[in-house]
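After this come two complexes, each holding chain A, first together with chain B and then together with chain C.
This part shows the complex of A and B:
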């Protein structure tokens, strides 16, 4: 059984900071398909369209019939552990810091055999009577696919396994900044992180003279500290970073400005500018002020800095004409987040993008249901961090639109005209 | 200065008096800072931008030998000036914009009515005609063409939350009532009205009849506004001269100002 994660010791300030290293990141183009599926929370392997054979590792042609018609399809992950070894040496800096590594060969129900990390609670391999295991596909610190075999059934403190934690960003004992603690989503996020065992939740507050209902109760929760944060003011962002930037382990940017305006049917750009100023430039100000310290602390101690979460919108992918300016600002933020992800990758900080459909708040009053409850959004964010997922599409509308977008962005664009 | 003095003697008399501090300059402006709160409209309306500054360079790779900022703000940000075209009642008045106003209106005497004790007791305190008449009994008739400045010491509320003073029924800040504005405009012919709060009107003035009298009636009659003033407690009730020149913004409805006052030393 896994030892429960302990509250980290305070850092010894005279010892050098442990610098982040990455596992080898080079992948073939075919192998990137595996990483891409994992990023969205799926475990897919290639299946041959002609003979049905499942492929592993990913390749360009079927290992059985040489067909190039390979399609990515979900696999169960069920398998059996046929052998294992303990790796004591590696020339890779990342693995040198983490040996010994328990590795094993797992034969999946789909017929392929794969080399995986072994969770500490996996039973000993036995070639004669191989024990059942569940293979999980995860992103490693380099943002690429890696595999870990878990015991067939859950064990106590399973998430606290040393290797599994390399692949996830559990908020437990972590220090979290929620950039807007006042909004409906902000209040729900703050509460969800407190419930998930975060050590500190900083709740950002802009324009403190506006006090929304419910905020008092959130501010009084244990572990919650209110901090001033105006995303439209670079100095405010810098000053907060100067105060807590060296402590934040997870940054959740949920601050947004949201109006229900189209493009050509209303005069002026000031509301649109306000949306861009918070939704896009605000994110950029945060990245410049908080990014460097987050990256520097990505290997600090047992609970290092780990993730950056952006609350975007499904309309970042395909604009909702009735919320045209909002959609555009979220599309800009989405594009920014892709660069941020590329920049954070060098330290293994995971950038999680959240693409909700309409949230059940005051800015979507006339949007018909289903709408995503703020608490449901918050829950899915915490789960994405615990599961180590990179992109999530919480709620029915987001799931539906994302599926349609994958199928044909042009078809969806036309469907959005009447939404 | 007697009427026998030539204009040249008047001007040199002022510079001499400033140099010898027989005349002093009082700064009536708040610092233009991102921290200073801006006016809040209901969220369905477009909002006035707060003051913001972004560094262009600071002796670095973006500009090695110089420091400078790009600044942005709404016309009604910080200590600012309201021109008559700010309000719909003043929209057709000639020369009602910041660039068209006669510059002479930027220098005028001020009457300062001290309402600080009342405002401390009641944030919704309203300045009435009775109070203005009582002030006149002590200090003389309010001269035409002068600023009427309402001192409330509101500018001493350095906490933005206390300065805005919102609750669930809106903002609670002092200002003039409807009759007082009518009196100042039609019976005294003031140049304009100045306040220490975020607007010339009281926080609850949306519920007055007419709403926002200090905007509707003042601007409808070509009068001006100054708000977010400070240091009114350093001004005498009469004889101060206020210098408040808005930026010469093309068809501007208002402008941040560096308002100052000349007072006896």
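This part shows the complex of A and C:
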């Protein structure tokens, strides 16, 4: 049985800070398909369009019929543990720091043999009667797909397994900063992180005199600390980073400026500029002030710095003309987040992008349902961190638009005209 | 259909360039020394080599092609052999047909690798596409992890005990004590073997080959040429090779030998009882077991009992890896795939000195190479006969 994760001790300041290292990240282009699927939470394997054969490792052609028409399809992950070993050494720095390492060969129900990490609660491999296991794909610290076999049924404290935790960003015992803790979404996020066992949740507030409904109760929650943070002001961001930047393990960039405008029917760029100042430049200011310390602490202790979350919008993928400037600012932030992800990768900090549909808040009053409740959004953010997923599309509208976008961005663009 | 006999073709001039744990030289240096040693052993000049077969992992960015200019050779027949542990047997088969058909008259077969302080790790990281995509990222760089999985499964399936593997390792070390250039020249006891530090359960230290630098080589030519040169030579009585055998097996429980052993022995005209010594590919003991089974010394899964009933030393029953094998000499990259063949050639030509097996008429050599993903893909075997 997995030992429950213990609250980490304070770091002994005279001991050297462990520098982040990464598992090997090189992959063939075909193998990146596995990473791309699991980044969005799907465990897909290459499947031959012509003969239906499922194969692994990924190839450029079907090993059964030589067809090159290969597609990625979801698999169950059910399999049997054929053999296992405990590695006491590794040639790679990242694993040298993490041996002994339990690895196994699993025969998947789909008929492929996979080398996987083994969760500590997996039964011992047995050549005569291989025990059932569930294989899961996850992103590793390098941001690439890796595999881990879990026991057939859930066990207590399962998420606290040493190797599984390398692939996830569970908020438990972590210190979290939520920018704009006052908005409906911000309040829901603060509460969700407290409920998920976070050690401290800092709620950034820009205008201390404003006291929206519910905020008082949130501010009084144990573990919650209110901190001043004005994203349009570089000095404010710097000051907060100077005070808590060396402690933040998860940063949730939730602040947004949201107006309901197109562009041709009005004059001036002021509100569009205000949207960019928070939604786009705000992200950049945060990245410059908090990014370096987050990266530096990515391997510190048992609960290291782990993730950066951006609350974007599904309209970052395809503009909603009625909220054209807002969509554009979120698209700009999305593009910037891809650079942030590339830069955070060197330390294994996961950048999670959240693409919600319309949230049920004051700025979407005239948007017809379904709308996403702030609490539902917050719950999906926590789950994405616990599951180690990179991109999520919470809510029915986001799911619908994302499916359409994947199918054809050009078709969706036309459909958005009438939204 | 049985392959045509290797009539009129012989193999000669076994050479080994002594192994070192690490080297500052490149693979080219080791291969040059092997070629030079072949010339010295045969009395041939460089111009007489009109065929060249090369196997090396660390020759990159060169291949056999670059080596011709590097060493000033102009062969009319050239072969690059990326078969790792099976490269010796395969080099022999290719070269023998080339000589037999007149495409070359003297083929120098060489294998060698350097071992820089960091070259093993770099080689592992890019060993194959499947290894890079699906093995190395999990921390299981190199063959230790893979052979641990095969060994664990083999032990559960057959009841093999650590002492069974240990007996082979200790016997090989006994043999190595008579071989002057073995890197491991300290006697090994079964207790030391069993109590060694764990590497990848169930593998312990003495189950694993040590990467090193070195080279091996031999010549293939017509019997007339060898007789004219007045050098000892051996006949090629049969050869097999196979790649990616039994792809449907969930885990590797047998190699290609199991598919092809009948073909091998029908070429030779005799079977395992007439084999006087066996040079197997021994990077890990479990693979010795698959070779003993696949080449007909016992049935599948019965190697442990076979090991208990034999001694494997030079003076014992079924002399096995008579120079000490890779487990005692080290694994000089692709040269590990030549080592058994070169030693077998010494044995049947009476040049094995302190390791000489009495009345060695038929030597079986087997190769195993290239853990591409979860199993070794290349297998081969050859029987050399005293001329």
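The working rule: the second predicted complex is superposed on the first by the 419 of 419 C-alpha atoms of A that agree within 3 Å, B and C clash if a C-alpha of one lies under 4 Å from a C-alpha of the other, contacts with A are read in each partner's own complex, and residues count from 1 in each chain.
As a working rule, contacts are C-beta pairs under 8 Å (C-beta built on N, C-alpha and C of every residue); 3 or more make two chains touch, one makes a residue touch a chain.
Being a predicted model, the structure only gives us computed values, none of them experimental.
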item: Contacts of A:87 with chain B and chain C, given as first, second, both or neither; value: second
item: Which superposed partner A:154 touches (first chain B, second chain C, both, neither); value: neither
item: More chain A residues in contact [chain B versus chain C]; value: C
item: Touching partner for A:58 - first (chain B), second (chain C), both, neither; value: second
item: Contacts of A:3 with chain B and chain C, given as first, second, both or neither; value: neither
item: First (chain B), second (chain C), both or neither touched by A:396; value: neither
item: First (chain B), second (chain C), both or neither touched by A:210; value: first
item: Chain B and chain C contact sites that coincide on chain A, given as residue numbers; value: none
item: Touching residues (chain side chain C, partner chain A) in the complex; value: 120-121, 124-126, 129-130, 132-142, 144-145, 148-150, 152-153, 156-157, 197-203, 247, 250-251, 373-374
item: Interfacial residue positions of chain A with respect to chain B in the complex; value: 207-211, 230, 232-236, 268, 270-271, 274
item: Residues on chain A engaged by chain C in the complex (per definition of touch); value: 23-28, 30-31, 56-58, 63, 82-92, 94-95, 98-99, 101, 103-105, 107, 113-117, 125-128, 140, 142, 144, 146-147
item: Touch list for chain B against partner chain A, complex; value: 34, 37, 40, 46-47, 49-50, 52-55, 160-161, 163-166
